[in-house]
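Working notes, structure below.
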Amino acid sequence: MKDILTPRERFGLLVIDEKPDRCNVLPLVTSHAATVKGMRLRDYYTDGEKMARAQIAALETYGHDAVSIFSEVGIIAEAMGTEFEYPENDLPIQRKPVLEKCAIDDVECPDPINDGRLPVYMEAIEYAYDALGDRVPILAYVPAPFTTGMMLSNPNKFLIQTIREPEAVGRILDKSLRAAIDLCYHIIDKGGLPLIVDPLASSSVVSPATFRRYALPYERRLVQFLHRYDLDVILHICGDTAPILELLPETRADLISIDQVSLAKTQEVLSGKMRLIGNYDTSKLAFSAAEEIAREVREMVRLGMTTKKGYIAATGCEVPVHAPIPNVMAFVNAAKESGWYWV
Amino acid sequence: MFEDIAPAKIGLEEWSRQFACVSDDLIRRYTYYGNNEWGIYLSPPATFMVYGARELKKLKYDNSLAALRLWGFTFNESERLFRARQNGMRVIATMGDLGTVPVIVMAFPSCIPFYPDCTWWTPFFNESTVLLDKASELGVPEASCFVRSSLAAFYKRAYFPKPEALFASTGASCDDYSALMQMVQDLGHDLTWLEIPYRRQRHEEDDPEEFCGTEQGYQYAARFDNYLANEYRRVWDKMRALTGNGDTAELKRSIRKANRLRRLVAKIKKTAGQASVAPFPALEMMVVEFGNLYGYGDIDEWTDIVEMVHNTVSERAAKGTGVLGPDAVPIAWITPTADPLLLNVAENLGARIVETEYVINQAHVEIDENIDPFLALARSFMNASLIGSTSERVRRIRDSVNQGRIKGVIISNMLGCSHCAMETRLIEEKLKDLPVLSIDVPAPMGITEQLRTRISAFMETLR
Amino acid sequence: MQLIGYTCSYIPVELLALTGFRPYRLLHGDVDSSKRGEKFVRVDACPMVKSNLDHIFRNQNDFAALVGSTGCDMSRRMLDVAAENTRIPVLVFNNPRTDNRTIFHDEIDWLTQRLERLSRRQFNPASIQNEVTKWESMRVELRTIDERRAANPSQVSTASFHEVMTAYCQGAFDRDVSICRERADRPRVYLLGSAITYESNAILRLIEDHLRIVGDFNCGLSRALDIRIQEPTLAGIEETYYGQPPCVFKRPDRRFIDHVRDETRRLNCTGVVAWTLDYCDAYEFELRKIERTIDLPVLRIRSDFSLQGSSQLRTRIEAFVEMLCSKT
C-alpha cells in the first residue's frame, strides 16, 4: 500500500495517541548510512555534511521514517576531553578517558559549537533539517549522563566508584547532565529531536540497583528538561533491559526503545504506560536471509501493533555498519506492509 | 523575569535562552481544556520547529510572556483538536464564513469549532510543499489560492481529526473556496452548505425602508438578515440533532463570549495603533486578529491570552516603549499574507502596520446581545469584507488615510485568488493619493531578495 | 437601440428585453482586448472578464445598464470594476449557489422593480407574455438547429451553431439564423467548460476540423436553450430560470455532474472536450470529478484566447481523435 502520510505526519500522530496510516518504521540506521552511501566511516563521523548526506541516502534507499544523527556514544565525553582515535574504516575508539588526566571539577562542560565533534553533529542536524525537516523527523542521539560518565572514566573504575564513591560519581553525572542539556539546547534550536541513548545503563552492563541509583535519576532529569519544551522523549537502552522494565516508566520517557528483551514481556509491563520501539535482533540483519528477516519482522510488527500506547517497528540496536542492504530493505518493507492501521 | 524585560523582537534561539529562565510552575500554569498532562502549551518557538515548522527559525517574535502563550497556544491547535476528540468532545469544521458559525457551535456543550481554511499557513510555517503537492494530486489546480492545502489536510487526517460535521459557506465568496469545499464533501464528509448573500449597496432610488445598515455604515436590503438568520437556524438545528442539546440561552452566552473577545481585540488594535511606538509586532497582531474567528478552539483560554496581550500592549503604550523604532513608518496592510515572514520582512525594512484589512471584518464587529441571536449573528456577518464592493472594503483604510494615520499601503495578493485579481487595481485607484505597493505572496520559501528590494524601495519612498 | 449588458445564464433575458433595451450578453474574449482589460484588473483575472471590461469601457455609451449576478466571483466583481470606471448603472442580483428558491425569487422580484425604474416602464402581464413568446419562439428555432447538431450523424457544426447563438446572446433577432447542412461522421464529442466568447469561433472550427461537437454545457452556446418557459408570467420566468440545469457554481454539484453525464450518454458522445480559460478555477476544480463520473476520455484545452499554440493544439486534437478511434 502507498503511504498516505509523511514520516513527520506519522510520528506527529503517534505522539498524540492517534493511529497513523501505518506504524512508524525506524531501523536504527546510524553509521550504517555510510555503507549505503559508500563512504568511509571516518568521513561519516568527522564531517557533518557527509553524515547528513549519508543519512539522506539511506532514507532514500530504505524509505524508513526518521533520520538518525549519530555515530557513537562517546561524543559528549570526547568534547569534554576524553581522547579517541579515529580509524579510517571503523568507529572512534576510546584511548584515554579525561578523568585519567584530571579531576571532574577541572573538566569543562563542552561548547557544542566548538568542542570535539559536537560541531559535526550540529552541522549534520542543520543540513538534514534543511533538506528534509518538513517531511522527516530529525532524531539526534544524545548519550545519557550515565553513559557519558562512564566514557569520561575508565569504565571499570567508574563501576567500582558507584559502590565506593557515590559522591564522586554524582559529581561526574551532574556534569554529564549539564553537558547533555547544553547539547540538547543546541540540537533543539537546529530542529533536531533529542533521542536519549543510555547503552551503558543496560542490565547487560550494570545491575538494576545501579541503574536505579545512578542512571535512572539522570535520565529522568534529562527527560524533564526536554518535557519543559513539550518534546516527546525517546529513550533507548541497548542490551538486556528485562530486569529493569518495571523501572522504565520512572524515567518519564514517552517512548522506550528496547533491545534484547521479549517484546511480549515488555508489553505486559509497559503496554499501557509507554510507547514501545523495537526490537528486531540486529545480528540477524547482518547474517540472516532477507526472506527470514521479512517473516520475523512481520510477526514482530503484528505483535508490536497491539501495544496500547503505540508502537514503532525498529531494530533493537543500531543496524550493523556492514549489514547487507537487501536485508535492511527487507526489514523496512516487511514492517511497512504489515504495519497498516488505516483500512 | 518577564516583568523587567525590555520589549523587543527576538529570534528563535534567543527565545530558547529566555525560556530556560521560565519556571516549571509558570509552564504548568497555562493549559487548554484544563488538562495538566497534555494540555500544557507554554513552549518556545523551537519546540514547534523541532516538529517541522521550519520557517520559525527565520521569524522574529515578541519577547513577552503574552507572546509566548500566544504562539504556544496557536501552534498547539492540531494536537488540541485531536485531544478534544479523544476526550469525547465533538470537533466541528466551519469553512468559508470566517467568524460567525463558530459562535453557534460554541453554544453546544463540548463542541469545538475550527477552520480547516487556516491550514493555508501550514505550507509557509513548515516551508513545505507537502500539502500543496497533495492538493495537486487530488485535482486542485496549482494556480488557485493556498487554501487548497486544507483539502490535502482533510485527506491526510494528520492535521485535524475528521470533523463530526462541516458547515461550508458559499455564495458571495471566493470561487476557489467554494470549489474546494465541494471537493472536501466529495471525500465523504458530512457537509452542510450555507448561503452567503451579496451585500448589494443601496441605490438612491431604493426604498430606504427596505434597507438597514450596520454600525460600520454598510447598507443592504433588510431581508438579507433574514436569509442569513435562517441559514444560522439550520446550523443550530443540525447541531441540535448532532448533540441532542440546544439551549438558546447558551447561544446568547456564546455571543457574549465572542463579544468580549472582539472588544478586547478592538482595544488592542486601537491602543497599538495610537501608541507612539509600536507596542506589539505585526505578526503577533495578525494572530490576535484571526483568533476572533473561533478562539483557536478554546475561546476561554484564548481570551485569557488576549487579555494578557492587552495588558502588555497597554503597559508598553503607556510607557512609550515598543518593539519597533520610533521612526517606523505607519502603513496599512490589505489582505492577509499566507506567508507570515512577509510581515517580519516589512517591519525589518521600516514599516509599522497600524491598520489592517485581513478580509475578516465580520469577526471584528460586536454582535447585538439584545435581539434574536440568529438575527444578531446575521447582522454582524453583513459587515463581512468580501461580500460587498471593493469601495466598501477599503473605506476604513480610506478613513485612516484621511486622518493622516498612515503613509502607505501594502496589498498582498495570492495568485489565482479571484478577489485579489479583481480588487487590487481598484484598491490602488481608491487610494491613489498615497503610495501603494502590491505584492504577490510567493509560494513557500519563495521570498526573494528581489521582493525584499521592492518592499525596501517602497519604504524609502514613504520616508 | 441601447444595450442592456448581462453576464449570467440565470438572468432572464425576457425581463431585460422588457426595458426596451437590447439584451446583450457580455461574452467578449480575444487576446488584444483581454490585454487591454489589464488596465482595470490584475493579469491573473479571467481573460473573458478582462475582455468584457475593455469592451464595456470602450463602448460605454452603448450600454443603458449592466446586470450581473453572484454566479461567479470574478464576474460579480467585474461589475464592481465597471461601476467604478464608467457611469453605466449596474445591477447585481443574488443568484444563490445553494438550493435556495426564496432568495432567487425575491431577487428576481427586486431585479424586475429595478428594471422597471430604469426603463420607466411598467412590466404588465401582457408585456411579459409578449416578451416570453418572442424569446421562446427564438429558442424553439434554435433548438431545431441544436437537434440537427445532435443528430447522428450530426448535421450542423457547433461553430455554425455558435454563430446563431451569438445572435441570440446579442439579442439580434433580425439576424439570419438559418444554417446549411454540414454533415460529419467525425467522432462525437461533448463540449464543457468556460463560456464560449463571440470571438472564439476559430477555436471551435479548429476542434471541429477533427471532431464534431454535438452538445455542450457552455455559456454562449446551448445553455440558453434549456430555458423552456411554460407559463408566460413573471412566476413562470422565475420558476424556469431557477430550475434550469444547474451551472458549475451550484452547491452541491451533484445535479450538474449528473446532467453532464446524462447528456453525454443521450448524445452518444465518445469523448469530451473541456475548454477552460486561464484562472477559471471552478471548472478546473471540477474536471477530475467529471472525468471520473462520465468515464469518457477528456481533452483539456486551457486558453487565454490566443491561437499562438494552435499547431500544438491541432496535434493534441489529432492524438485525441486517434485515441477515440482506437477505443471504438
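Miscellaneous remarks
To keep things simple, chains are lettered A, B and C as they appear, and every chain counts its residues starting from 1.
As a working rule, a contact is a pair of C-beta atoms (placed from the backbone, for glycine too) under 8 Å apart; a residue touches a chain by one contact, two chains touch by 3 or more.
All values reported here derive from a predicted model rather than from experimental measurement.
Of all chains in the assembly, none touches chain A and also chain B.
Put simply, the chain nearest the middle, going by average C-alpha positions, is B.
In terms of their C-alpha centroids, the spacing between chain A and chain B amounts to 41 Å. One simple way to say how far apart two chains are is to compare their mean CA positions; for chain B and chain C this gives 37 Å.
Separating the centre of chain A from that of chain C, both taken as means of CA atoms, is a distance of 65 Å. Listed for chain C are no residues, as none touches two or more other chains. Of all the residues in chain B, the ones that touch chain C in their complex are 138-141, 143-144, 168, 170-176, 178-183, 185-186, 191, 193-195, 197-198, 200, 203, 205, 221, 223, 227, 389-391, 413, 415-416, 418-426, 429.
By the touch criterion given at the top, residues 39-42, 44-46, 49, 70, 72-74, 76-78, 80-81, 83-84, 92-94, 96-98, 100, 102-103, 106, 110, 114, 117, 249, 251-253, 278-279, 281-282, 284-289 of chain C touch chain B in their complex.
Of all residues in chain B, only 12-13, 16, 19-20, 22, 24, 27, 38, 40-41, 43-44, 46-47, 49-52, 54, 57, 72, 78-79, 82-83, 86, 126-128, 130, 155-159, 161 touch chain A in the complex they form.
Chain A meets chain B in the complex at residues 4-6, 8-10, 12-13, 16-18, 20, 129-130, 133-135, 137, 185, 188-189, 191-193, 228-231.
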